[in-house]
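Per-chain numbering from 1; labels A, B, C and D assigned in written order.
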Amino acid sequence: MGETIRVTVWNEYRHEVNKPHVRAIYPQGMHHTIAEALTVDFAVRTATLDEPEHGLSEAVLADTDVLVWWGHTAHKEVRDDIVDRVAARVLAGMGLIVLHSGHYSKVFKKLMGTSCALLYRDEGEKERLWVTAPGHPIAAGIGPYFELEQEEMYGEFFDVPTPDEVVLTSWFEGGNVFRSGCCYNRGQGKIFYFRPGHELYPTYHDPNVRRVIANAIRWAAPVQRETQRFGKSVPALEPIKPKGTK
Amino acid sequence: MGETIRVTVWNEYRHEVNKPHVRAIYPQGMHHTIAEALTVDFAVRTATLDEPEHGLSEAVLADTDVLVWWGHTAHKEVRDDIVDRVAARVLAGMGLIVLHSGHYSKVFKKLMGTSCALLYRDEGEKERLWVTAPGHPIAAGIGPYFELEQEEMYGEFFDVPTPDEVVLTSWFEGGNVFRSGCCYNRGQGKIFYFRPGHELYPTYHDPNVRRVIANAIRWAAPVQRETQRFGKSVPALEPIKPKGTK
Amino acid sequence: MGETIRVTVWNEYRHEVNKPHVRAIYPQGMHHTIAEALTVDFAVRTATLDEPEHGLSEAVLADTDVLVWWGHTAHKEVRDDIVDRVAARVLAGMGLIVLHSGHYSKVFKKLMGTSCALLYRDEGEKERLWVTAPGHPIAAGIGPYFELEQEEMYGEFFDVPTPDEVVLTSWFEGGNVFRSGCCYNRGQGKIFYFRPGHELYPTYHDPNVRRVIANAIRWAAPVQRETQRFGKSVPALEPIKPKGTK
Amino acid sequence: MGETIRVTVWNEYRHEVNKPHVRAIYPQGMHHTIAEALTVDFAVRTATLDEPEHGLSEAVLADTDVLVWWGHTAHKEVRDDIVDRVAARVLAGMGLIVLHSGHYSKVFKKLMGTSCALLYRDEGEKERLWVTAPGHPIAAGIGPYFELEQEEMYGEFFDVPTPDEVVLTSWFEGGNVFRSGCCYNRGQGKIFYFRPGHELYPTYHDPNVRRVIANAIRWAAPVQRETQRFGKSVPALEPIKPKGTK
C-alpha cells in the first residue's frame, strides 16, 4: 500500500514479428501496448522470449511484484528452469496475470496441475463478459458486462481447478460460455487468468480490458508480510505427555 | 452405483521391510492392512514400488476406479512417466486418495501445482480430528471428532490450493492445527488428501481412519459419464454474423 | 446407501389451475410430472400450497430425505412458520432442490441470506446448459451440454452466495449467461438450485432436465450420521492451565 | 483507493456498563478501544444499541464504508427493521466485520442463512490463531500465528456456510479448533467474521487483533463501482429467433 507496484509484462513476441496483420495492431508488440496502459499507475518493464533468460533473470523477478504473461506459439521454447523460477516466485508471493493463450503456457499448467485444455474456435465472433462477482476489486469500474466485437472463442469445459473466485463469465455469439476471469490463491501468491486477447484483434486497446488488467495487478500485488519457509520440522509449542514407546 | 468399485492400494513398502518396529505394526505392509479393511465393500488389489512399473501398468490403472497412495522415503524413485500416467488417469476420472506423507509424492505435487510443504514433528503426540463438513459423505458414521493417541504432527501452513471442501481439521497436543481431510475436483476426477498414517503408529488399524478411507473411496469413485476430450477446436453452434476482416 | 431415498415434490400449483396453456403442458400439475419421472428410483410423494400446512407437516418432513420446491406467484402465501420448519430440516440434513422461480421463495432466500435477485426475460429463447463440473455426480449421464429450445431467460448477476460448486452454466440466445446448477452445503444439509422450468414450456418433460433432478436428489440425500446439536457449552477435552484471575 | 475509508464501530455496550471487571478493561466501552486503534488510518465513528435507531440511521449507514459489530447479551433488542437496513447496505456494498459473539447477532444470522451455532466454553484458556491463507491481505503483517493468553473457546462445528476464504484457524488449549477468520462475499459487499473478543479479557488491546481488524476493514471496503439493481426484466441483447407459440 502506498508504494508503487512493480510490473513486468512478458510477451512471447513472435506473431507481431512474423505476421503483418498482427504487427498492424501491435506495432511494437503486445507487451508494449499492455505496458503503455499501465505506466500511469505502476512501475512497468517488459520482457520477451528471445532475450537472455527470456528477460526473466533472478534479479528481474526479485524486482517484480506482478508478472503479466502472454504466450501462444512458442510455449515449448520456454526453458524449464525459468518456468520453475517463475512458479517458485509466485508461491513466494509474486502475483501472476495469465492472458488468453497463456492458459497453455508451461508456467500456468504447472501451477494449476491440470491440462488447462478448453474448446476453441477462431471466427472473430462477439464476446460479452458478464461480471459474476460484483464486489470483487477486479470488477472495479466495470459495468454489469462489457463486449468485444471480435474475439477467438474459448469454451467450457475449461480444465482448471475450480477457481477461488470467478469475476467474469463470457457469452459467445457462437453458443459457448467460459469462466473468463479466474482468481487463484497459491502459496503466498495470487494468480488471475484473464481470457481475452487473441492476437488478431485489437483487444489490448480496449479500455475495459485494460481496466481489468490494472485492477488484477492491484489485487495480485504481494501482501506486505515476511516470506515464510513453509516446510520444516518444528518444536512443540505446548507440552506433550509422554506415552508408551513409539 | 450398484457396481463394485475397483480399488488399488499402492504402497512404497520400504519402512515395513527395513524397520522391525514398523513391521511389527504392519507385518505384510500397510497396503495389506488398508486393503484388508476394504475388501468387504470393494474389489481391492494392491501394488508396490518395487513391482514392475510400480504395479501400475496401463492395464491396472484402466481397471482401477480409485487409487490409494502411501509413500514417504522413496518419492524420488517413482518413475516420472508413471506419475504422468497416474495424473492423466485422475484428470480422466479415476479417484485418488493420498495418505499422510504422500503429500510430498510426485503425483500429488503435480496435481496440486504447489510445494505441498507443511510443518511437522514426530513426537507421538495426540491428534484430534474435528468434522468441519458434517453433511459431507466422507464424514458418514463419524462423530463430531475422533482421536488418535499417537501421531506425527503436520501443521499449517499447508501449502496446497484452497481445498474445494475441508471435511476434517486436526488439533494437535503440541499446539498446531491442520486441514486433515481435503477434497479436490480436478478434471473429471476427485482427490482426497487424508492426513493421518505415520508408519510408527497403528493408525491404519483404527476404525475411524478405516471408515474415512472407505467413505472417501465411495465419494471419489468416477461418475458414470462419457470421458470427454477437453481440448479441441469446435464449430459454432449458433450463426456468427460476418464482421470486418480479421 | 441401499435404502430408498424418500422424496417430496412440492408445488405451488396455481398456474396449472388458472392458465389453460400451462394446464395443457402439465394437466395434473408440474409436481405430478416431476414425481412421475422419479418414481422408478425413489419413494415419491407430492405436496401443494393449498393443502393443510401446505402439505408439509412435521410428520411429512420427518419422512422426507429430499424436498423438491417449485413456486412462483404465491411465495408470499407460504406461512413463515412452515418456512422456518423447512429451513431447520435442511440444516439438520434434509436435501433441498430448488427449481427455477423458486429462487425467490421464502425458504431459498432465508437459507441463502441474499436477495436472490437476477435478470430475467420471457421471450421463449433457446438455453444451452454447459457442464462446468464434469466429475460431479449431478452431471452423471449428461453430455458436454444440453439444450432447451424455449425457456425464460435468467441472467447474471444472480445475487446468491458463491456456490460451493457450479455444475451447469447457461448460454442464452438473447445474450446472457447464468450459473444454472448451484450446489450449497448448509449445516448438515445440501441444497441444489436448478434454473430451468418456466411454466410456459414443457421443460420438466425433458429427459436431461429429469436426469439432473434425479442426480441432484441422490447427491442431496442425507449422509447416514447422527444429527448433531451444533450449539452448546462443552467441557474441556484437555487440561487447561490456571491463569491470573479473569 | 486513496480516499479515507469511513468506519462505524457498533457496540451493544452493556457489559461495560453493568460489570465492573469488564469496565476495568474497557472503561469507555469496547467500541471506544476498537475505534481508538483505527483512527490513525480511517475516519471512525461509533454507535451503540441504546442510541436512537441504535445509532444506525439511514444517514449514518449511507456515510459508512465498513461497519464493525460487537453484540452479545442483547441481540434480541436490536430492531428488525434496522437489521434489514444493515443487511441491505451490505448487499449494496458496505463492508461488515462481525466480532466474536456477534456470530449470534440477527444481522449475521440473516446474512449467513444458517444457525451460526458453535461449541463454547469460558475458562480463560489459551488460543493460538494460525494463518491458513498467507497471501490474503487480512494476514498482512501477521506472523505464522499469534497467541491470546486467555480467551473464551469457540469450537467446531461452526454452523456457517463454507467461507469463501479462511484466513485464520484457531487452536485451543482445551482441545478444540475453529475457523476464526472467515471471508464472505455477499451481493456487492464483503463480510469478515473474526472470532476473538470475549468481554472478560483484554483482547481488543492486543496488537495482532487490532492489526487483523484494520486489515479486514481495508479488504472489506467497497469497490468503486456503480451500485447495481440486481433484479429486473431486461430486453434481449441479441436477436431471438421466433419459435412456435408459447
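Throughout what follows, a contact is a pair of C-beta atoms (placed from the backbone, for glycine too) under 8 Å apart; a residue touches a chain by one contact, two chains touch by 3 or more.
What you are looking at is a predicted structure, and each value in this text was computed from that prediction instead of being measured.
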Field: Counterpart interface for B-C, drawn from A-D, C-D or A-B and sharing over half of its contact pairs
entry: A-D
Homomeric contact chain A-chain D: same or different residue positions, threshold half: same
Whole-Å separation of chain centres (CA-atom averages), chain A against chain B: 29
Message: I'd like the Å distance between the centres of chain A and chain D, where a centre is the mean of that chain's Cα atoms.
response: 31
Message: Centroid of chain B to centroid of chain D, CA atoms only: how many Å?
response: 36
Message: I need the residues of chain D touching at least two other chains; which ones are they?
response: 128, 133-134, 144, 155, 157-158, 162, 164-165, 173, 175-176, 185-187, 228, 237-238
Interface residues, chain A side, partner chain D - complex: 1, 93, 128, 133-137, 139-144, 164-165, 173, 185-190, 218, 222-226, 228, 237-238
- line: Contacts from chain C onto chain D in the complex sit at residues 21, 87, 91, 110-115, 117-121, 123-126, 149-150, 153, 155, 157-159, 161-162, 164, 173-176, 184-187, 200-201, 228, 230-238, 240-241, 243-244, 246
- request: Would you tell me which residues of chain D are touching chain B in their complex?
  value: 128, 130-134, 144, 155-158, 162, 165-166, 169-172, 175-177, 179
